Structure formats: structure tokens, C-alpha cells
């Protein structure tokens, strides 16, 4: 813990105070590192039964515009750990449809909100924009005196990025390899994989290539022709690699990506252009068009069923034992579908590690909130540790 | 804070202890004033980061029989501030349909409930009756020893009144004008306004005319012929005006109502008689009849599209700058609809104030709960203030 | 309270620590008695306004695969009393449908979970199996280091048993008769009763005959031919009766069961074999078959409309005043249906007692959690009592 706090004190993350966490691309390296250190510190407190309850009361608003299990529970866990109660904005049960603007709703739910967590990943060009609108609205509300405190917005997944996922992924990698500096020179293969379902979000591959290129990794993005991701995120990856001394390249061969890789992240996603088209059709209310598009996408997917993470492909990786990552749930061949993203034997071998990977997410979210709410996070962590209020009675 | 507490101590509100808050009409002036003072006191605590957590644990049950955003979040905020956890009774997910009586359900959810908040505004003649049934059932359960403590019922909107809204409205007005005594002689125009949607509840206009006439205001209720409200609430308004030295009158001209007004509250509602008819049709399961009625109502509304709060009409008010009120969301012409309740420029000029108006609601609800749960509210407030337990860590 | 703790100290319930509560049949008598004593102790604390908050933060996951009002609120109340926040896993809003295994979901929701409460009573052969799978998954996750603490699973109703209901029933009986030892030699009639609805779960009759035979009661199970319950639970009842010195027998006459009974529990249920058939049809997606089956079941029920708990039948019981039990909601003739399980006058005479019976459930659930979370529950109870932290401010 003292080590964590020393490292934290050496970082510059002043700008995180009272600030949102929307895209990792907006955040300097030190701020990302501060999230990792704080997540580890909060985990250490929790595992020693020390309360991290920095709030005696307070509301965390969650807005899930898409189904969610693990992110919902991760957010609930993070908020509960810090002392906040979650109140879900269920748009189906709200009056939002009746002519309420986003600005208005954002203020109306925020009179006593400390945090707003938003998942909005369904429509390209919409999710990040929505989150920025909400964050802007409550900033304005705070400036105008409508809100006495400014709730911070945390991106629980948007069309561009999925920072709570990719940072949990990276924290897992950090612990597997022994430090963020160990990422330098490691080869990471972010590859498309076959799935019998369509329309999976692009935020994970986009977020992974943007994030891992920042710490000196050699990132390869592999997909069959037609499965392009947002050009901006590829450009960011290239720029980041140049800055960090890592590399970023693309290939259309899964095997080539796996060759000598230290880390593999095979995961299905929908083509960016198809998602753009779907957004347009949706905007036009053209549901027949959407149905048609879905059929096309499934047919397109089916042509690439060989993009499966098999034992043969794993054998191509460094020492035949690259670290296999997935954000879960995975399409496991012969388990959750006939043929999917990953062979059953590969998945099973990494199952425990995958679950641990997922287990970092609540701490990542809690760290993002903690860093936005405390003026002096290292001091606050020390205070919590020395107060040592038990999280639960142990008699 | 000391001033607030002195004023509070001068009021007689003993009867609020262990009591419900269903209609402002049931409450003497002193009790309403006690709510305003307590709301301000709780706000003062909150803004100084002092916890108002009078409960270490406890349940607040919410029953929303209609969609809601702001009231739901206001209730959640109020309960959270006081230390209660909200548990929603979602009738769709419950067994209530299967022959359970209201009395039974009310007791079953109340073994550890401290508060029950209910919104039931859809059907004329039903909402208030339902709330009284629930409140009566738990009183009986308490008397019979089924419940060890008696949860209090708070009206989060019914067919007759919307006290948490209208009292938040009035607290806003009090702060705008500098005291409840400043309401004397002020002209308030509660007027119907055009909306392209039908069936908006009557509880706000009914609650406003009942409430504002009590403190000496000159209240004018304006609506096009056919948009009558519940006769009982008009009678109450007339009676209240007589008692308070204010006045209450009606007109069918929006302009006349606005003329020299200090406060305007232009808002759409459905005709009382149409709502009665709808309740009857609904009771008979006559959905074709309901559809037909809705069509008629929209056509009827459309005849009165000139009932819009325009700059021209605002220019008729005192010094051309009456305080514009709305319970939100408003139908803003050119924004949320082609033509609606209010012109965009008027709405925008008052937007910040409208948001502040809404911001009083969590405190009003918290004050209602506080006054029903504390035997000696001024002493409890002083105790909270001197304990000065921080709401959140500020390091 | 000291008496309760002395009795508790004399029992052997070490095995409950860190353990689940799925079936009463799995638990030795001492563990059941420990639940009763602890429930009473927690009730005593609550009624003296002493907080039983053994958790400062923590998550209680609820999984309701069937509608529920009272069990949902009982679980919420129990968790809130202990300091846990409830987070509902709404399978409709989750990604579970998309190929996620139960094992995976169980781990994903449990990173910070202390308790998992599950209701899954719809399909014979499924509910208990599902609960065991969840409990096994999190045990495995704990063993593998995925979870740092092992959440305990509490059965909130399955296809086999409904322990939180039947133990609340028994605690009620204990208080009515003056001690668990007073059950010896008492005649309990668990009888089928007519209902105009079909498919009511078997968990209550099955749980009642398994549980009450353990404490020396003379249990009679009565039902019309064709309404058999799970054979395993009848066998358990017979075995338990032999061990305890009580008795267990069956009859197809409601009158015979009521004759001289000290306690009557007339309640409708569906035939076990029909539920098995329904499970099979459901598995095959044969919805026409299910509809057909439901029609048959209703017709079968209708043949036994005379199985109603009338005044005449109550007059057959000991001193004409057996204790009438029901898990609620009951089908009351002339109230919730034309003709049902119980006559209105009988129900009304016992209404207050029935509500009190239901009121034990939150404490039973809290006791189950308490005993699984505290290493030394009597010491923890004494600690809570002597700390005497007020549950709520009383000023």
C-alpha cells in the first residue's frame, strides 16, 4: 500500500479532480497510471476489510441504454464500496420520451447525484456525443448554480471506447506481466473473431488499440476485409505507438497476428460502416432496412468462420502460451454456439484468468470516481487506511 | 440556520409526527410553513456537507403507478439524504394481480418500511382514494401490532393534488420574492396552455390554486371553456382566499390572467370531465372508447393553440417580467413540438430558474419525511448541525 | 435477549458459517433452532431501535425468476437491516441470454457480493438445481481466487422447498404455542385447497411436511387423488417423523385432516406430475401443449371445489379453534374469487395473525445471513446489543 501511494504521489493527475472519464484518449498517461494505482489501493483496502466509504450518503445515477450484466454489477459494486446508492434512470419508465431534452433530464436527476454512469453503445456517432451532452449539461447546471455540486460522468461504454473494460483488461495484464513498464515490446494481437450473432460493439477493439499502444506495446489489429473500425481510433493508435516507442499495424490474417504474440484478444465485432448504416436506417425508422442489413451481416460473418481462436492458432503464440483475453461473454464453440470466437479447450484453460480479468472492473470504476472526488487522493487513501473502519463485522 | 430554527419553533406542527402527507388542503398553514423551513434547514446542512442521516438503516417504499423521472429521483434523493434505501414496488413484477388486496400488500411491504411514497394520478377518483387506503391499512396494521412502527405515506402525485410539486413551486417563489409573507397581494396566473398531447394530469393546477390562495395571493385560474378542473378544488381555492385575504377568480382569457401578473404558471391539462369519462371507460375495459376520447381531446386541444405563453403575453405582466413557473417537462414550441405551451425564447430566459424551482423538490420531500419522523424537529436539526458528521470526505 | 443467547450458545451450528441455506432437509435440528433464536434476537434489537448493521457496505444480489412481492420485500428488509444494498439481477436486462453460462454469471455478479438470494420455483427439477449450480460456481470461484470472499446463497423459494416461508411459519407457530418443544404431539393438517387458478408451486406443502415432522408434530397431508407432491419430500417427512417421535400420514379427506387439528394449513398447489409434464413441454417449446395442460388442470381443480376451508371444517378442529396458516396471498371465496381456498369469515378472523406470520420472514432471512457471516453469532449479537447504535434518531 505504501508503495502504491508513493508511486501515486509521483504522478500528475490534478486535472482529474471534479472531472469526467469519457475516453482514455483524453487522458494523459499519468492519469491512466493513477487509475491503476488507485484501483490497486482500493482493492488492498477491501481485501483487508477496510471500508473505502468516502460517502456517508449520495446518489450514483446509472443510465443503461443497452442490456448489461457485468458492467451494471461492476458499477453497483464500485458505488456501494464508496458509499453511494445507485438509482437507475430507466428511460422506459421515465417521461423522457415526452419532449424532455437531455440537458433538462441531466439536471433533474442530478440535484443530489455525485456520479452518473452511462452505457450507450448502440449507435455509431451517438454514444460518446450523448455522454458529452450529459456531462456538459451538468457542468453548465453547476456553473449556473442549479447544482450545488457537479456530478462526474463515467463512460460505462460508448460507440468509441469502453474505458472501464480496457483499463480492467490492462490492469490484469499489468499484474500478469509484473508492471505497466513490462508492456514495452510485448506483442498484443487484437483480432476479429467469428460469431454467429451480429452487431457486436466496436468499443472494445477500438479502446484496446488506443490504450495498449500508449505503453510501448506492439499492437496488431487483425480483421477480415470489411470489418474496419473507426478510422479515428486507428489513427490514434498509430500516433500513440509513435509517441510511446511501440508499434501499430494491421493485417488481415489471424495467424499472422497470433505469430509470436504475448497477448491475444480475439473478439467479434460489427463492421464500422455497417454500424453507421444501421444508425442511419434507425434514424429513418427503416426497420425493414435494418432487418435486411442484419441478414447481410450474418451472411458476411459466416464467410469468416475460420477466424476462431483454436489450439492451433494459440500454438503460434510466444512459447505457445500467450495470455488470452476476452471481455466476456465469449461465443465458445460447442458451448454457447455451434462455432464461435474460441475453442472450448482454449477458453477453459484461461477461464479462471478471464474471471480475474473481469474482477478488476469494479476497482477501475471505483478508482475513476475516487480520483474525481478527492482533492488529494493519496492523502485520502492514507486516511482511510489509518481510520481502518471495518467494512464488515468479523466476530 | 438559527433563524430558520427560531421560526420553526414558533410554529405549531405537532400533528405531523407519525402522520401522512396526502393533500395540502388537510394541513394547517403552520404545517406547510414548517415544511418550507425544514426544507431550507436540510438544504443548508447539505450545502455545508453535513449529513442529515437520521436513519442508519430503513426502507422507503416507492409505488409509481405512472412514469416518472424527476419525482422518482427527488424521492430517491430525499430518502438517501435521510439514510433510507428505496425499494420499488413494481406492480408488474409483483403478485398483486393475483387477488391480493391493497390492505394486504400495504402490510406485507411495510414490516421494515419507514416511508411509502406513492404516485397514482392516472384516474380521477382513484389516486387519492388509493393513497388513503394504503395509509389506513398500515395504520390499522400498526394498531393491531402487525407493524411495530407506522410507515408514513407521502403523496408523490394523485388525481387531486401534487403537494411535493406545488410546495417546491412555492418555496421557489418564496425565495424569489423574499419570504412567504411577500405572497400577499401578488397576482398569480394559473393558466391552461396548449399542448399537442392530451391527458396531462390536473393535479398541478388544482394543487396550485388550493395552495397559493392560502397565503394572501390573488390567484386567477384561466382556461378555455371545457377545461374545468375538479369543482372541489375551485371551492377550496375560493374559501382559502376568503380566509387569507387574497382572492380567487376565473377567466377564459389567457391575456386577462397575465395582465399585471407577478407570477405565471401556463401549463396544459386535460378537462376534468374528460378524465372522469376516461376513468369510466377504463373501468369498463372500453379501449375503443378510450381511443375515440383521445382523438376528441386532441381535436379539442387543437382549437386552443393560441393559448401559448409568448413574449407578447409575457409583456402584459408586471414590469413585463413576471416569474414564469412550470413543473417540467414543458412543451416548448419549435423545440419539443411544433407548437406548444411556451415560446422558446420565454422558456430559455427562465430555464435556469425553472431548474432551480425543480431543485427544491428533494428538500420538500425530505422535510415532509423529517417532520413525520422526528418528535422534536428543531432539536433534531440542531443535533445534526452540532454533530456535523460530514456527508462526504473532503480531502 | 440473554435467554435467547444462552439457548443459542447451547446449540451446534458451526457448519453454518460461510455456508448456504438451500433446503431445511440439509440442516440439522440445531441449525434450524439457531435460525429461530437468531431471528428473535434480531427482532429484539430492531424493536429496541438497535442497529444490526454488521455490514458498512456490501452487496446482496437478488435473482427473482418469478414474480414476487412479499419475498422481495422481506429479502430487501433483511439485507437493509444488516447493512447490505440489494442489486437485482434482472435477467431480461442482462446479457445472460447471449450465451453466458450460469457459472460465468454467478462469478461476474459476485466480485463484491456477500449474499445471493434466489427464487426459482417455476419448473420442477430446475429450481434447486439452479441454486446449487450458482452456489457451486461461487464456491469454485472462491477456491480459485476469483472471488476474495464467498457469497452465501439463500433459497428464496425453489421447486423443492421454501425454507424462508416455512421457517417463518414455524416461528409464528412457536410463538403462538410457547416454544418449539410445544410442537410435540400437536396435529398439523397440511391440506390441499381449491383455487380457480392453476400451477401454484408445491414448495410450501413440501417444505411444511419436511419441516414440521422434525419437531415431533403429528403431520397429516391431505389432498384429492392426483395432487401428489414430490415423493422425496413425503419420504423425508416419514423419516423425520420416525426420528422425532412425531408422525406423518396421508389422507384424501380434508375433514379427516382437520379433525382435532391444532394447526391447519389449507393451500392450493398443482399436481407434481403435471408440473413435471409442464417442465418437459416448456423444454420442448410446446406452448400449445402447455395451454392444453393448463386447461386440463383448471378442469381438474374444478372437480374439487369443496376443498375449501369453511367454518364447518374449522369447527372440526381442536376446541374449534385451530391456528389457521397461509403463506398469502390466499384465494378468499367471495373476495379475490368466487370460490377459493378459504371462506371469508375464517380468513378475516385470522387476518391479523396471518400478517404477523408473514412478518417473521424478514427476520428469518436476516438470521440465515447473520449465521452464515458471523463466526461467533452469539458474541456478535451481544456486541451489537452493547454497542447499541441507534437504528434511527429518536428526538
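Just so it is clear, A, B and C label the chains in written order, and each chain counts residues from 1 on its own.
Just so it is clear, a contact is a pair of C-beta atoms (placed from the backbone, for glycine too) under 8 Å apart; a residue touches a chain by one contact, two chains touch by 3 or more.
All of these numbers come straight from a predicted model, not from anything done at the bench.
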**chain A on chain B, rotation in degrees - Cα superposition, rounded to nearest 5** = 120
**Interface composition of copies chain B and chain C: same or different, split at half** = different
**Asked** In angstrom, rounded to a whole number, how far apart do the mean CA points of chain B and chain C lie?
**Response** 41
**Request:** Would you pick out the residues of chain A that each touch at least 2 other chains?
**Result:** 83, 85
**Prompt:** Mind pulling up the chain B residues that touch chain A in the complex?
**Reply:** 46-47, 51, 53, 64, 67-70, 72-74, 76-77, 80-81, 83, 85-86, 197, 328-332, 335-337, 340, 352, 355-356, 358-359, 361-362, 389-395
**Prompt:** Any idea which chain A residues touch chain B in the complex?
**Reply:** 54-59, 61, 83, 85, 87, 89, 93-96, 98-101, 104-105, 107-109, 111-114, 141, 144-148, 373-376, 379-380, 383
